[in-house]
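Before anything else, here's the structure in question.
Chains: A, B and C, in written order; residue numbering restarts at 1 for each.
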Amino acid sequence: MTEEITHSNWKLRKGQIIAAKQMTASEKWFDIKLDDGRLDHEPGQFVQVELYGIGEAPISVCSSPTKRGSFELTVRAAGRLTKAMHALGKGDWVGIRGPFGKPFPVKLMTGNDLLFVAGGLGIAPLRSLINYVVDNRREFGKVDILLGCKTPKDMLFGDEVSGWQKRLDVNFSCTVDRSDPDWKGNVGLITGLIPGVTINPEKTFSVVVGPPIMYKFVIAELLKKGIPERQIILSLERHMKCGMGKCGHCQIDHPKNYYCCKDGPTFTYEEVKAAKKL
Amino acid sequence: MNYHILKKDELDGFIRKLATKMKVCAPVAKGHNNFAFEEVSSAAGIALDYIPTILPPKKYFMPPREKLLDFDISGDKPRDTASVDAEKLAIFGVHTCDLAGIQCLNMVFSEKPRDYNYILRKENIFIIGLECSRYCDGSATCALVGNHYPNGGYDLFFTELGDKFIIHVNTQKGEDLVEGMGLPKASSAYLESLDDVREEKRAVFQNEIGVDQKTLAGIVAARQESKVWQEIGSRCVSCGNCTNVCPTCYCFDMADTINLDMKTGFRTRTWDSCQFETFATVAGGENFRAERAGRQRHRINRKFSYPLDKFYRSFCTGCGRCTRTCMAKISLKDTLKALVAESRSVSHGTGQYSSSSLPLSGDESMVKG
Amino acid sequence: MKTEKEPVKTAAKPKVAFFDFACCEGCQLQVANIGESLLDILGAVDVVEFREVMSEKYDKDYDVAIIEGSITDHHAEERLKKIRARSKVLIAYGACAAIGGVNGMKNSFDLDEIRQSVYGKDFKLFPSSPTRPIHQVVKVDYTINGCPIYPPELIEVLKHALRGLPYTVPDNPVCSECKLNENVCMYERGVSCLGPWTKAGCNSWCVNNGNICYGCRGEVTNPAKNANDVIGKYNLKPELVKNKFDMYNKCKEGDINVNRK
């Protein structure tokens, strides 16, 4: 007896790509409009993107909730699905489930100083929060943004980044692993930028997003600055498949066995410091 | 609710009548001391005396392969439909370990966001339990987790009393069935006999590890760096047998299939295993659980440590399937005993292992002799 | 919705050709016997060469070339290279093409010795080289394992190839699927089975039908470190399992050489 499940959590919302742009050799940006209303996400959350007949991949929403009408994704061609997604363009449809996950603790951060540390593609989920902060600038104290990428060519959201750079109420620094002749900025690891930032540790929240290898070193620097563990916020990378805390793929080796998709992906360092790997 | 009586020689009539109302599945002998739940139409094929089946009854609640969605991309905008095949079904002869397994899965899939595929199936399944008066074999650890006695999770529950079964009726559905079949109510003499059966079991079933569940959870949490994981990891085949046969393992993977018309297709989920090589790999290539030792530890954590925190119960049902099925002789009982022994030698200061940096969630000093 | 790298043009169906080298042609027979789905496949593609069912030859480039059999002499090597040059996508199908298969047993002997025993005293007139699977000679885009191939997998791979998507062969042991089919383990029956070391993807086809796994799909990438524990549990000798494995997997040694290059 086959029964239709109209309220199934597996059903997909339909999203149409209204704009797309190749940002770097491996990253493509998409602007997606849902046919049934708003995504209603908060900074730090992700969606499952379904390419019908190929499969699903978890992608962080990189636009701020303050942006109305559509939401944005930045997709790195890393796996089977994300590679296939790079072939999509304006007018194409995708399936969407979500938003999923625990957002960045924006309420807790309100009224405090913020230190953003983004490595590589980590700028995508952080951009959602940074743009939210910039759009509600009065609600926050001092804002520092530290950005690191492999080479100047890998820089994502270049126009927006230079916008942040020009603002008087945002301190911005950027570094690259490998320079090119036109680059006039810093060269070296992102950890090198942290000692130069002046902070009031008690009232600073640091939000760190980057590849797993970056966390250990960045966190050590932040702790040296005296930022309390509960004020260091991370977004962890795991393969989030179902998004509902069930399929088991994104579970973290930690005494609390967090599911990254439900208990995270954002965590305070205090919550996850006992994890085998960040 | 009530207790009723069914004579053993009337079991065949009971099953036949039940089979006119719905599909009936029961343990059936498959040879070589292997059993499986399969469809039956009479009591003739049912193995009343059986050791845990190859796959637990979870296969009826969450099939190994299941369709979640049908989709159609022929039009401008894709369309999809979610549906479930929820057949009316009775499972007869479910042991108390497997009843506990179903209770665990009920909690997991009822937790929001709900999994309606599971829930709709569950609503259509009628469960008839069957009591064990002795151990099935040496692999079982049901007394450790307190699953040698029934603890709900069924519509009817059968206990053998000589040439009869005494039936505990636990739900209205169960009541309607036994009333409809005209089974007589049990007199107080039968209830006394049932008490005797339970009392005798007290002597037969003894905690197989010698440590209570809560203490064990603490030991497992504290022994995360134990050499025990390395030892079982060095033998592990990564075949996923232990998780596939586990009544409370529910990890799954999802995949899309497109039909040859290249316009329609479907999305399925399949049981997955944390023991598989690539289970915790992300698209960029990093594997967060690349070593077999870490994967085995994860499996034990998910049975003895994590669920106690989250669901206030062990997710090991004590059925012993993981031990029986292991291609590499990895025994759950031996693993737990080794962890307990190691923990004792550490707490007595004779151990060679440094104590873990992880916080204890139980008190190791409570280890009983 | 366009999701494929090179969309299949609906006007002209993709040209698919089947070729065979050293093999029993049993995999072609599997294709011919596929039944109802064969009509669906034929609806999606144009089969332009298929020796077992048609005599026509095709003189243009192939969209997909499907190769059966292994390479055992220089004539075969040259012919395969020509096919590769004319094919956009090349699929190796069947154990002989994918891993060398039973033809690889030849590699266990001295080449001249084995030629002599097959061709007699004039053996020098018959060229022969050690058996190689297709990927040891030319680039292979997709692999379909099995002796014979498992037809549902052929259909899946074909669909992936037509859409330009990569196909992933499960890298878990056959046990992972066998258990889902609730088979009584062959070891429980007292028979040694190669399931614990062999790549899944066949839905444990042989065991479902009462046979053991012969390892025809090749070894998993990271097999159990200590097979003795598995064999020891059932009182079997490790050499027995090793010998059984060589029946299909002798050419694996060639992969090690390829990797070293």
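Operating definition for what follows: a residue touches a chain if its C-beta (ideal position, glycine included) is under 8 Å from a C-beta of that chain, and two chains touch if they have at least 3 such contacts.
Since the model is a prediction, treat every value here as computed from it, not as a measurement.
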Chain whose average C-alpha position is farthest from chain C's own: A
Centre-most chain, if every chain is reduced to its averaged C-alpha atoms: B
Where chain A and chain B are represented by their mean Cα positions, the distance between them in whole Å: 38
Separation of chain A from chain C, taking each centre as the mean of its C-alpha atoms, in whole Å: 43
Chain B residues counted as touching two or more neighbouring chains: 73, 78, 257-258, 262
Shared-contact residues (touching 2 or more other chains) in chain A: 51-54, 93
For chain C, residues that touch 2 or more chains besides their own: 1, 163
Touching residues on chain C, where the partner in the complex is chain A: 1-5, 163, 165-166, 168
Residue ranges of chain A in contact with chain B within the complex: 1-12, 14, 16, 35, 50-57, 76, 78-79, 81-82, 93, 95, 211-212, 237-239, 241-242, 244-249, 251-253, 255-257, 274, 276-277
Chain C contact footprint on chain A (complex, rising order): 51-54, 80, 84, 87-88, 92-93
Chain C contact footprint on chain B (complex, rising order): 30-34, 36, 54-55, 59, 64-65, 73, 78, 234-241, 244-245, 257-262, 270-271, 273, 276-278, 325, 327-329
In the complex, chain C residues that touch chain B: 1, 8, 37, 40-41, 43-44, 155-156, 159, 162-163, 171-173, 175-176, 179-180, 182-185, 187-189, 195-196, 220-226, 229-230, 232-233
